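Okay, here's the structure, questions in a sec.
Chain lettering (A, B, C and D) follows the sequence in which the chains are written, and residue indices restart at 1 in each chain.
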Amino acid sequence: MTGQIVRPYGDTTGDGRVQVSFTLPVPFGTATERARAEGAALQLAAKMGLDPAMVVHAKGMGPDYTFFIVYGRVAHLVDLSQVTVTEREFPLLSAAEVNLRIRSALGRKLVVVGACIGTDAHTVGIDAILNVKGHAGEKGLEYYREMRVVNLGSQIAVPELVARATAERADAVLVSQVVTQRDAHLSNARQMAAAFCAAAGPTGHRPLLVVGGPRFDPAAAASLGVDKVFGKGTTPGEVASYLAAAVGRAGAPVEPTTDLAS
Amino acid sequence: MTGQIVRPYGDTTGDGRVQVSFTLPVPFGTATERARAEGAALQLAAKMGLDPAMVVHAKGMGPDYTFFIVYGRVAHLVDLSQVTVTEREFPLLSAAEVNLRIRSALGRKLVVVGACIGTDAHTVGIDAILNVKGHAGEKGLEYYREMRVVNLGSQIAVPELVARATAERADAVLVSQVVTQRDAHLSNARQMAAAFCAAAGPTGHRPLLVVGGPRFDPAAAASLGVDKVFGKGTTPGEVASYLAAAVGRAGAPVEPTTDLAS
Amino acid sequence: MQTRLSLDPALVTEARDLAARAGQPIVDMARTHTTTSIERAVLRLAGLQGADADGLPWANRLVEAITSATGLQHGVALPAWDALITGGYDGLGQLAEAAAEGKAAFRIPVGAAAAAARAAAREALAAGIGRIDANRVQRQQMIDETAEPSRPWIYLIVATGDIYEDIPQAQAAAREGADVIAVIRSTGQSLLDYVPEGATREGYAGTYATQENFRLMRAALDQTSREVGRYIRLTNYASGLCMPEIAALAGLERLDMMLNDCMYGIIFRDINPRRTFIDQRFARQIHARAGIIINTGEDNYLTTADAVDAAHTVVVSQLLNEFFGKEAGLTDGQLGLGHAFEINPALPDSFLLELAHAQLIRELFPDAPLKYMPPTKHMTGNVFAGYLLDAFFNLCGVMTDQSILLIGMMTEGIHTPFLADRDLALENVRYVRNAAGRLGDSFVPAPGGFIQQRAARVLGDSVRLLRRICDQGLLTAIAAGTFGITKRPADAGRGLDGVIVRASGYFNPASDFLETDSPVAAEAVR
Amino acid sequence: MQTRLSLDPALVTEARDLAARAGQPIVDMARTHTTTSIERAVLRLAGLQGADADGLPWANRLVEAITSATGLQHGVALPAWDALITGGYDGLGQLAEAAAEGKAAFRIPVGAAAAAARAAAREALAAGIGRIDANRVQRQQMIDETAEPSRPWIYLIVATGDIYEDIPQAQAAAREGADVIAVIRSTGQSLLDYVPEGATREGYAGTYATQENFRLMRAALDQTSREVGRYIRLTNYASGLCMPEIAALAGLERLDMMLNDCMYGIIFRDINPRRTFIDQRFARQIHARAGIIINTGEDNYLTTADAVDAAHTVVVSQLLNEFFGKEAGLTDGQLGLGHAFEINPALPDSFLLELAHAQLIRELFPDAPLKYMPPTKHMTGNVFAGYLLDAFFNLCGVMTDQSILLIGMMTEGIHTPFLADRDLALENVRYVRNAAGRLGDSFVPAPGGFIQQRAARVLGDSVRLLRRICDQGLLTAIAAGTFGITKRPADAGRGLDGVIVRASGYFNPASDFLETDSPVAAEAVR
């Protein structure tokens, strides 16, 4: 085993121990049902690669479901050399640097329009990025002298967002999505991207599209049709730096891009 | 999906949701390390069949390890028709029936020798089976008129156990193993079985060998070289019924067997 | 209830007086206005059900038609029943269909025609109110037949989006110990200006509140109540643009508790403040009649504001909710004032601070069935830490004699609850209640010590804030971001176009019954 | 420490007097006997290290040789140092090798030869005791250099079986907040009649206690102590057949606490009662000198007996441990009396019962650094339930001012701790300590209420049991299964053959130093 190949660690290097819990729609009443339920749990554990696997807890929940906790050893190897880390493709800048970069690239303020779209009313995340108060000790985008921030708030329908962004001549549109049940965040993001695409018309010119929320995969920008995705724990400084890099690279006006290595 | 094929259930039928936690020997310090660690966790989750998978919690533990909690969906199907339930291969009897069966089969008391072997000092489990006081509301084997129980207690070396079992003319030897680290319970059980085998000599006659403990797989008797394995939550009545069936079937003297369907 | 804080009674009295002063102008506004949803609720109470082919309810269609024909300033009842009588329609449904097709004629009747319309309307409404009264009686019968759960009631949420997944999950939860089931609503519903129809399976992070979903769930829980020998209460949300209608449906389908706050929609759904205040008064009158316990939403403030800094805003809002609630006819026993365990767990002495807050509210509202909400904001993906925090919430709840405990989920930071999350959550509260339920007997905060000091400080801050609100007016205070640090000007937000100043001849037969406590059903409010 | 129980002081005094009466015959026995392990400990304190090719320590070989040659009734020192002087060996190691080959001659010297042997032995022992004294000074220096952790100390177990896995796990735990690290021993070690040698990697469910393992771990923790700015204590087990030797090694390698009970080996390892009582007195004398805090093992009784039924047996055993400990020179500050949170969590009011027990013990032993053990018996495979129960243990610990909290693992019912289990366990206790550490200030059991009644009852039962023990004798009581419902007759169990009646000329230079508190090192016991 080289340093690049690792296994889960319980209390001894290489022991491969993992914990798993799940519910199966199987009854856990009679002795036979219990044996069958545990067997079913072990079958699933085996399919997940646990060998040996130990059902350490099983509990019937009502007549039809059973909850299991399983510990076991997986033989899977984790090859660290195969982990693709999407390195931040832009440098982290101070507020002064961000402002400077925007001014020299645009010669005017960068216009940012933010919103929670669809029926999502979770504004704490987008406010953390936009409001002066900020997040994790960093001031929000409103604090940046060279940005003009229009925070539309929550529950903004996509057509309304497109209209306002156009009216404000937005350089960047920042959209938050927190509710993820039934993948609402993904479909809303795609719908938003499509609407801006449609609104752009033949020139294809549209604002930079940025989405964020705690359950987004930052690597999903392309699949959502947006320029950049921010996940949990994002700080305003990161977003500002990204925007500065995006305008800095292309010069005004902002061109959508997904490759901003600088 | 028929009733025989099920998937894990989070909050919607068929959603396939499972929870997994594990530690990887990877650092979680710098931003790059964190991204790499989460990537490693997702790689493992993918190998376990989680797709999509979400790292909902990651925490560095010291400079070298990271703990992860992951939720995700597995596509694995659980085929209930493939679950092999080892049905109890003997009927559950009352104490009176057990006594009757022993008397008619042996015409004398059944001699049971019990012990915690090796360095294991966990006697609560074997005492629960043997002592009059019993377990889960059932009296222990000492309570059965037609059994003579010799409880050797804990930390009994295998040679000593063989010697005492021979001296007592044991019909059945009941061994408990609770400590499982480094599979101590398995190697001790095998060692015990081998010793009785060796002591049996050419006739091959040896007492019935029964092992028990919370982490044994009841299906493992053959692989351990014993006649019967009892797992967590065993009650004395089950053990007594098993013993009665074993002697009842073969008549005296007891013949080792692994097939007691009655 | 034990008193443990030695609160200054003069300050408590002053706080209540200030709340009444701050609230009175709002009550005056509510008495002189109506809304589209109030008028639709009148029609629903009179039995109008169903929707057009696009799913728009007949109640909406009829109110729209009357709005264009006569305006709503006299209420919907006068023109509607006048049209019914003069047009010879076979009931409100037929009238609504005709109106939707533009075939019905409406006017504001006068004289004998008006008297006839009023009488017919009263008769129709008496049937609806009668059904609410009958449900109230039936609830009591069910309780007598099964049993009243002991306090604190264990309150659990189901939120699959699909009523047919919700039902078995709710039943499972009840079997494992839940006393109250709340069916969370789909994210978008509060902004809909109509109530969807029928059984629904397509909500996001919650299930649509519809009359049929109410009925299905109540029936399922009646069955489970009998099975477990305990009356399982059903809760939904009288909130959003259709607050009065949902309140009416809740009364008609024997729901038992309703989330119903005087300001939640304003702050967290950007619904117009006037619209909300007017709607909530009517909704509460129905709840009062139906014997429904309302749950207020002060807990939510602590998800956007800090639970220590903003502790007094919770108290102020509760005093306002109490004032508005009582004015609308609710008894103390129906005031499920909300608060929450939301202090940052990393803060030193956070649990002591929580105890101080929870005990303060307990002592300020000794007879209210307080609803205590679990940690949400500081719940992360670490489900073990979450399970622990929920246990301390449960402990705080039992130590300070809270009445209704909403049970926290260890996966709060991740997803809407899985079946197993709920089961584990119930194991958690069962342990705490069983093992430490009587710890309160030994909970004696030191005189002048940390806990008493903190409670006194929050009460003092509350009085100071109330004084300020009295000076500037409640609507101004809301516009300034006093609650949940969210600014909501009086003339912004959704639904203002549905607010109508009542004309002098305004007639609302439902209100008449509700305001005067007329004897449609004789059963006394318990 | 607050008093909360209004215990009857006369009953408390009576309990202590009875414990002294019950213990005195045992002390008399210990003063008149020695054991093979005590004699080996003398050699180890004099610097004898190493083992033969089979791994049997030279200390064992030498004691065996002397036993066959002269018997041990005069102690090992007289014949050993006499042989050293007369045989011209270059130290004990050479002598042991010669003895093992049967080449050394031994006798009981008399007159001048005896005096010479005694003097030489004293000199050799002075060096060993001096090293213990120096370690004690060094411990204090380390504490001054880093810091004394605040109480309760967080005590964690590592148990991989491999010292090289144990070390990083211990360091990780310390970084996350552990104040005390205990390296659990391999299952078999207590039955070995010798102490293994060297660094070991092959233990089962624990790591062998060896001098080298002690040294490696103490060095690693010194490094971590400096890193975290807090002195991390190291604990091991002076228990089993080699109790006196392990105690000596602990003193020599600057361990800080030792599990050392007067009866644990008897009840849970089937070691002969006389052997254990004689060994423990010598071991405690060394601990006293070394400034080591002992941890007693009453918690274990509650794994075989019921925690409610047998609560008084814990108190009785603690009073006996206190008596024996003080007689051996330990101060109150070194008496880490053990008890545990083991009541069935399904029992109503189980947490209140736990509070009553924990508070009772706190008030009975106000100056002892009580060691409080987490739930083990009722921990199942449900790790969430386990995490919750551990939290309530932590809470009980802080509410009743326990001194040392052994941190429970959510996986207690499954396996020896994983790295992450320990980390999560530390998060648990950190939350409880930080959030509710001062809840004790508001913990005032009602006079005559449930908690006070329960405490009084347990104290009463303890006095009754002590009276019975005084009547029948402690050894008889043990034989009858009084502790841990396990019967251990005085003449059964392992190691009785290693018990020797002292002859009148018995000489033990270590005991001489220890009993008389001779001034090898002048530093005062703190």
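Just so we're on the same page, a residue touches a chain if its C-beta (ideal position, glycine included) is under 8 Å from a C-beta of that chain, and two chains touch if they have at least 3 such contacts.
Fair warning: this is a prediction, and the values are worked out from it, not measured in the lab.
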Using the stated contact rule, I'd like to know whether B-D or B-C comes out ahead in C-beta pair count. B-D
Chain whose average C-alpha position is farthest from chain B's own: C
How many Å are there between the centre of chain C and the centre of chain D, using C-alpha atoms for each centre? 61
Averaged over CA atoms, how far is the centre of chain B from the centre of chain D? Could you give it in whole Å? 34
Between chain B and chain C, what is the separation of their C-alpha centroids in Å? 53
Can you compute the centre-to-centre distance for chain A and chain B, using the mean CA position of each chain? Integer Å is fine. 44
List, in ascending order, every residue of chain A touching at least 2 other chains. 9-10, 13, 17, 19, 21-23, 54, 59, 65
Residues of chain D that touch two or more other chains: which are they? 159, 382-383, 415-416, 418-419, 424
Seen from chain C, its contact residues with chain B in the complex are 159-160, 162, 165, 169, 380-383, 411, 413-419
Can you list the chain B residues touching chain C in their complex? 9-13, 17, 19, 54-57, 59, 69, 71
What residues of chain C sit close enough to touch chain D in their complex? 345-352, 355, 382-385, 387-389, 391-392, 395, 410, 424, 427-428, 431, 434-439, 441-446, 449-451
Using the touch rule from the top, collect the residues of chain A that touch chain B in their complex. 6-10, 13, 17-26, 31-32, 35-36, 39-40, 43-44, 47-49, 52, 54, 65, 74, 76, 78-80, 82-88, 215, 217
Which residues, counting only chain D, touch chain B once they are in their complex? 159, 161, 168, 171-172, 175-176, 186-188, 191, 204-205, 268-270, 303-304, 415-416, 418-420, 423-424
